[in-house]
């Protein structure tokens, strides 16, 4: 599964995307796995209320299922326009 | 409907003229243009706009489709830039054409409210004081409640 | 602030480009353009717009001044034509520049609502069926209640 | 005093402006004088709710005073924009 990071999430983790082998069935489970990896991940995912998530390029929630997902992205609230 | 996500600048005059051209059936055309505004301290050197290629286009197309469902619109245009911009540079524009002015205005405001909080762009301001990600405002999220 | 009441057409692209040019302090630019719309029957041959020279300019300046009092605006532009127009011709435009999008949008809608019912213009539609003065709509009068 | 007519008021009365000698102290009194002149005036001023009035190029009401006024204009509700 491809995991993408944008804005300060990308900067805190130190890379824009990576391929992750995971058995996570929900976004929350994936977040728990990532948090456990290293301090920089723990720091990036410290406050989920400051983060948004997209699964296969659709905005969703942290309890969304990952069955069949190819791409998960984490980022702060958007500031377009 | 035209949606463009691009690094290049756009010619606002040419875009508006082309959008408005020959609309015998549309009485009202509204445009919004967003410009990089300098900081209160007056020392913004650049704005960097990051986006999520692939999702950006889909998200904007979804927002525009929702607007077209909700209002009687003849046409919609959205242009949004990414990359490094300077103060005074154009960031983005939307245009709506409708038979009546209320529809054209409301649809343009709807597009702006959703582009602000639901299209995957992130702005960073660079100044003498350093680089700061622009923080989403509660009022931008609240603005969606009106629709 | 620029207010023009004229028989001549205007170049919407050039007007918008000139209005938007070099606004480092204004993050938001909104424009509205009104176009002569064909009738439902599709046989409008012309629209004649009569106005009250002298009062027209004063009334528009008064409306624009009220908008500038009420919202934080960097600039306002109003162009309104009179005389004989054809379907698809531009009738008028307004543009507003403001630090924030909400101000730019609201001021543009305010200008339009007041120009519609408080600036001394009268439209007549000419078609195969004859010539008819456009009748003011109750909803245009009601629109003023929101402000 | 100059009296101006616009749109269908102008068409019904048959002229765009005229100079009127009047002792009217309010718009209503001026309207009464004009109505009494000829049928075309009576027709134009038959329904005041369909008319608007400006004194010296400012919108006002039919009970407005005319003291010092140089120009009075009658017209239907405006249809700008």
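Think of it as A, B, C and D in the order they're written, each chain with its own count starting at 1.
FYI, a contact is a pair of C-beta atoms (placed from the backbone, for glycine too) under 8 Å apart; a residue touches a chain by one contact, two chains touch by 3 or more.
Predicted model only: the values in this text are computed from it and were never measured.
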item	value
Approximate Å spacing (C-alpha centroids) for the pair subunit A, subunit B	26
Centre-to-centre distance between subunit C and subunit A (centres being mean Cα positions), rounded to whole Å	48
Cα-centroid distance, subunit B relative to subunit C, in whole angstrom	23
Centroid distance [mean C-alpha coordinates] between subunit D and subunit A, Å	71
Touching two or more other chains - residues of subunit B	34, 101, 112
Of all residues in subunit D, the ones touching two or more other chains	81
Chain-level touch network, classified as line, ring, star, complete or other	line
Which pairs of chains touch, using the document's own definition	A-B, B-C, C-D
Residue ranges of subunit C in contact with subunit B within the complex	11-17, 20, 22-38, 87-88, 90, 99, 101, 104-105, 108-109, 112
Parts of subunit D lying in touch with subunit C, wherever the complex brings them together	4, 6-8, 10, 54, 57-59, 73, 75-81
Residues of subunit B touching subunit A in the complex	34, 50, 52, 54-55, 58-59, 80, 91-92, 112, 115-124, 133-136, 141
